[in-house]
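The same subunit A turns up in both complexes below, where it pairs with subunit B and then with subunit C.
== the complex of A and B ==
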């Protein structure tokens, strides 16, 4: 086996991990561009979707497609509710960024621990059998991985289409570009925020569902996706909606190629070393800074 | 008049402050009289959360029983949670200091090689008896008042190697997937040694962080080395489940095995664990109390250790008081090592002077959403 051939399984798995990180990164980037906060509360949305899927499918006996639709709806509702009940209060008072970060993080940790305390910290499985899959580039990728990759790419195209071709999308872009100007021309910023959180909720739920199908549900499943999403937007930047997706793919590849090249104990050193290196060399991200007036999805 | 009022307010403030101090003083040393406080480590972090719940549930069962029989010298036992975060020695130190200084605990049960090693001197200084459910061999070397309640890594590996030799004679090579910190590294090294004694050669090993996002690259490398068996050495059941699922998805058909980390409901409910997988853990003997058996099925094997911890502290405490001694860590550990060979309502233990313990272990597989006992190795078998 050539060196190139031996790298292929790691490339395939890295790409799969990267595109699965991309969905949450895209949601985080959207909220940052429009609202101006790094939203760790998306972890709570992730958990709501995960447990909704579990509850609808295994406890209430809904078919899997119906349970998936229900979980997506719950995720959207949770994101909008969190905005309406918690964030709006702080945004209206012009709370500084670090306060918003703390609010989101506290909310996430509270929900995480609430689930552990009120339900169980045990892991439950939505799909117990081996997921069907096919051999690709010397490794086996399952349907959940393909689902994550397809949904990530669709989300990237979908969000571009939504922002450029629909009325709520242009409203969101206007607020992202210049909130004061948007207010001046009569755009309802609160309405734009509701749409933003709804979209972010949809993307995070779409990330959670295949993850949960693959690895099961427990109160701690959201931590890695949220931290990796944050790392992805640091690497990629927030210059466009492509940037965090490319950042996520790079991060996923770093995670897996690190193990191909070195003992696995170096995996996190190399992956998070990449984050630090980007912060030092190009703090605006590898794929450009956010220039609100010029950039579009 | 104003001066009189001002003086009155000042006196009221002084009296109020004094009363508050008296009230607080009454609240703070809550353990000074009336009960005997015993510390139980707890965590809500991924991995430890599952077995810390089991430990607590087991302790609750024993507490109900012990307290209905007079506790220690007529004083009821009361559990004190000691939060160790995500097996974080610094967090554990903060919680342990509080449990020692404010709650006045007389004993502790805790896990985590790093947690126990780094806090060993604190346990000795506070003069409390500590039992550890950690398998790390270094734990008892860091504290003279700490005794293993759990089998050490080398014993776990020895039992797994013997089982493989007995039941899976075709297995000649193995690989280890370990959590990349002190405990996982020790388990890898001890298993290499013990499996080697049985002629089973280590062909690859890879580490992973606690609660990894995935294990696909590690297992791809391990499977490339074509091992006949893979030993999983994480610290939580969730990672064992992820390891089993990923290995099977990547087409690995060989034997998968692990130690007590696999003894949680995370694994019981995983159908993929029903094929070509076994683990070494603690059995619930037929003679164990019914409530303990039921709780163990629900919460996992650590339930037994929570139960036995409380039972042992109560027994030792009563013996120490009977001898006219105070309930100190030194007195309790001296009594434990004097008694040495102790049969609890569940298991027989041999507590050695060096802090190590010989305890029964058992081989389990998974069947129909529950663990299935294959066979038990008693303390005598392992001595």
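== the complex of A and C ==
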């Protein structure tokens, strides 16, 4: 077997991981572009919909499709509630980026630990059986992994369609481009933000549900997806909706190719090292403009 | 009792780490999200050195090694991360926070996931206590934990003194100026990146010292102790206390630990909450406290302490035009700054297309022209804020093009900004004090090596600053924040500040725009005095034709990036064709 062939399973796994990071990255990029904050609170949304799926399916006995719909709804509701109850206060006062980041991060840690206190750090499984899967390129990918890839490609197309072709979508884009001008021409910025957070909540829930189906849920499951999403944005940039997705794929590949080349325990160091390297060499991201300190008008 | 002493010891250690955070975030204004990394580097360095290299009895040396290691770490992180106006600092430090734990787990010399244990206790030379060491004083017995608490509190007091010396020094003032507006600090000859890097290094070293103390206090270090949770806890302490205040940083640490311990007591003893829930609830509650503090009192409990400078009563009011001692005698005549053929393109647009200017001491040159004519861009090229595509500019024999703003300023070319840009969170007199050159107190090492020199230089600096304030009629406002004085006063302060810098060439960008016409004469007198009394070379951009007529010895009319006409005010302003072109078809309005 050639070296190239031995890399194939890692490529397949990397692609699968990358596309599943892409969903959360897209959600985070949307909020970053429109509201101008790095929203770690998406971790809280992720947890809410993960535990909602668990509760609806295992505790209340809903069928899986119904439970998935319910979990999606919970995710959207959680994102909008977080905006309405917490973020709106800070956005209205023109809080600086650092404060917004801290608020999101604290909120995430608070929800994580409240869940840990209430339901213990134990891991719960939604689906007990091993998920069915198919062999691809010398590795086995299961239904959840295929689901993630399909959902994130659909989400990419969907969000492009939504933003370019629908009224709320163009409203969001207008606010993202120039908030003051949008206010000036009579766009209700608050309304645009509700749409933005709702949409981001939907995408994060869509990322959470296959993850939970695949590997269960405990209070710490949200940390990695959120951090990887941020890393994907840093690598890809915020220039277009494509950029964070490409960044996510690159990051997923880096994660798995790192295992191919180095001991597995160095995986995270190498992946986050890539992030720091990109920050130093090309801070605007590899695929377009990136504004870390985007001015919040 | 033993538990209380343990908690107090840890509180004092955390307070030191939060002092370091205050220097970096509060004083330096850097958006820093990886403080536990510096703490962890200090702890690990101290642990490794005291278990492998140092013989027992060298406890303070290993703590200092922790401080040193954290300082080196800060240099390695800060050097790349602080370039390009520190725009990505938050994300870099956050990423490093995430990497740090995995890195420590993977490295061999850090003990991997198990960490390093059996770190020796604090010991000085022959005094090497074991766990049961005790000293019977008759009235009470003093055990090792009591001594340890005393030592750690001593370190905390030292850290407070050290940081307070930094904060309330000319160096601290400079750091605050860089925090408020680094571009302006560069326009006054200071290197903003170096200033940021130095305070990051000092803050990290203080934090590393705390880490070293922690290693000796806990006798164990492991990767899980230095995660994001710890950074968030220290941030919550800092923000609760007030991020710009050293007292706030100290009090915040004490208050937060007190709150969390009280909570533990209530949950555990009062409500009988099971143990495994308490750790989660504590984390959840300090996160919620942080959100509440940010929402209700974002500045924290303690505000930034500003030095109140008392106006010297004994010294007589200096005559209006003295006070700016001349550092350099300019040549009595002849050009001091000459620029020609300057070209600057922005994309396809030629903002400056062959313009030039020549300045002599004692002479005022006015540049007029409509918006977009390239006037401010010429200033930006001359002061190094934009890089020229082509052309030549010299002060004396020294070429200006290609130099950084700070270098050009140090050559004696100072500028003001169209949008005023005073440092808003410095008081009026501090705005003057920072601007003055040749301050030994701006070097942090000198604060501790030669405090007398620093103090005497600061006295001279203060006297000079008061004289400048008197000259510009701002002495009444000396102790008000820059953001709190009126627009005209800020405009005046911008003139006073540039005067305090004592340049040979002054580039004034619309110094009188937006000033009440009744106050205009005062401004004109000051600008005239820069040239006539102080013998500086003055160049100003001006839209008010009556000001040009009053002040200028020579007028350049710019249009489309070129100098279309040059001559005496009478010549240029009297040229009807030019004036129509400039002002449209309206008649020139003469005030």
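Throughout what follows, the second predicted complex is superposed on the first by the 289 of 297 C-alpha atoms of A that agree within 3 Å, B and C clash if a C-alpha of one lies under 4 Å from a C-alpha of the other, contacts with A are read in each partner's own complex, and residues count from 1 in each chain.
Assume a contact is a pair of C-beta atoms (placed from the backbone, for glycine too) under 8 Å apart; a residue touches a chain by one contact, two chains touch by 3 or more.
In this text the structure is predicted, and so the values were computed from the model without any measurement.
Peer 1: Put subunit B and subunit C onto subunit A via the superposition and say whether they clash or fit.
Peer 2: Subunit B and subunit C clash in the superposed model.
Peer 1: Check the residue A:265 against both partner chains and state whether it touches subunit B (first), subunit C (second), both, or neither.
Peer 2: It touches subunit B and subunit C both.
Peer 1: Mind working out whether A:114 is in touch with subunit B, subunit C, both or neither, as first, second, both or neither?
Peer 2: After superposing on A, A:114 lies in contact with subunit C but is clear of subunit B.
Peer 1: Mind working out whether A:231 is in touch with subunit B, subunit C, both or neither, as first, second, both or neither?
Peer 2: After superposing on A, A:231 lies in contact with subunit C but is clear of subunit B.
Peer 1: Would you sort A:133 into first (subunit B), second (subunit C), both or neither based on which partner it touches?
Peer 2: A:133 contacts subunit B only, not subunit C.
Peer 1: Check whether A:198 is in contact with subunit B, with subunit C, with both or with neither, and answer first, second, both or neither.
Peer 2: The answer is neither, since A:198 touches no partner chain.
Peer 1: Go through the superposed model and pick first if A:105 touches only subunit B, second if only subunit C, both, or neither.
Peer 2: Only subunit C is touched by A:105; subunit B is not.
Peer 1: By the touch definition at the top of the document, which applies to A:158: first (subunit B), second (subunit C), both, or neither?
Peer 2: neither
Peer 1: Counting only touches as set out at the top, which of subunit B and subunit C does A:95 meet: first, second, both, neither?
Peer 2: The second partner, subunit C, only.
Peer 1: One more residue to check, A:84. First (subunit B), second (subunit C), both or neither?
Peer 2: Neither subunit B nor subunit C is touched by A:84.
Peer 1: Considering only the listed stretches 115-123, 367-375 or 529-537 of subunit C, which one runs into subunit B in the superposition?
Peer 2: Clashes with subunit B appear only in stretch 115-123.
Peer 1: Would you please give the residues of subunit A that touch subunit B in one complex and also touch subunit C in the other complex?
Peer 2: In subunit A, positions 113, 116-117, 120-121, 219, 265, 268 sit in both the subunit B and subunit C interfaces.
Peer 1: Touching subunit A in the complex: which residues of subunit C?
Peer 2: So the residues of subunit C touching subunit A come out as 31, 33, 80-81, 84, 87-88, 90-92, 94-96, 98-99, 102-103, 105-106, 229, 232, 235-236, 239, 276-277, 280-281, 283-284, 287-288, 290-291, 294-295, 298.
Peer 1: Show which residues of subunit A lie in contact with subunit C when the two form their complex.
Peer 2: 86, 89-90, 95, 97-99, 101-103, 105-107, 109-110, 112-114, 116-117, 120-121, 219, 227, 230-231, 234, 265-266, 268-269, 272-273, 275-276, 279-280, 283, 292-293
Peer 1: In the complex formed with subunit B, which residues of subunit A make contact?
Peer 2: The contact residues of subunit A facing subunit B are 9-10, 13-14, 17, 113, 116-117, 120-125, 128-131, 133, 139-140, 142, 214-216, 218-220, 223-225, 228, 255-256, 258-260, 263-265, 267-268.
Peer 1: Note which residues of subunit B are touching subunit A in the complex, please.
Peer 2: Checking each residue of subunit B against subunit A gives 44-46, 49-50, 53, 180, 206-209, 211-214, 216-218, 220-221, 237-238, 241-242, 245, 248-251, 264-266, 269-272.
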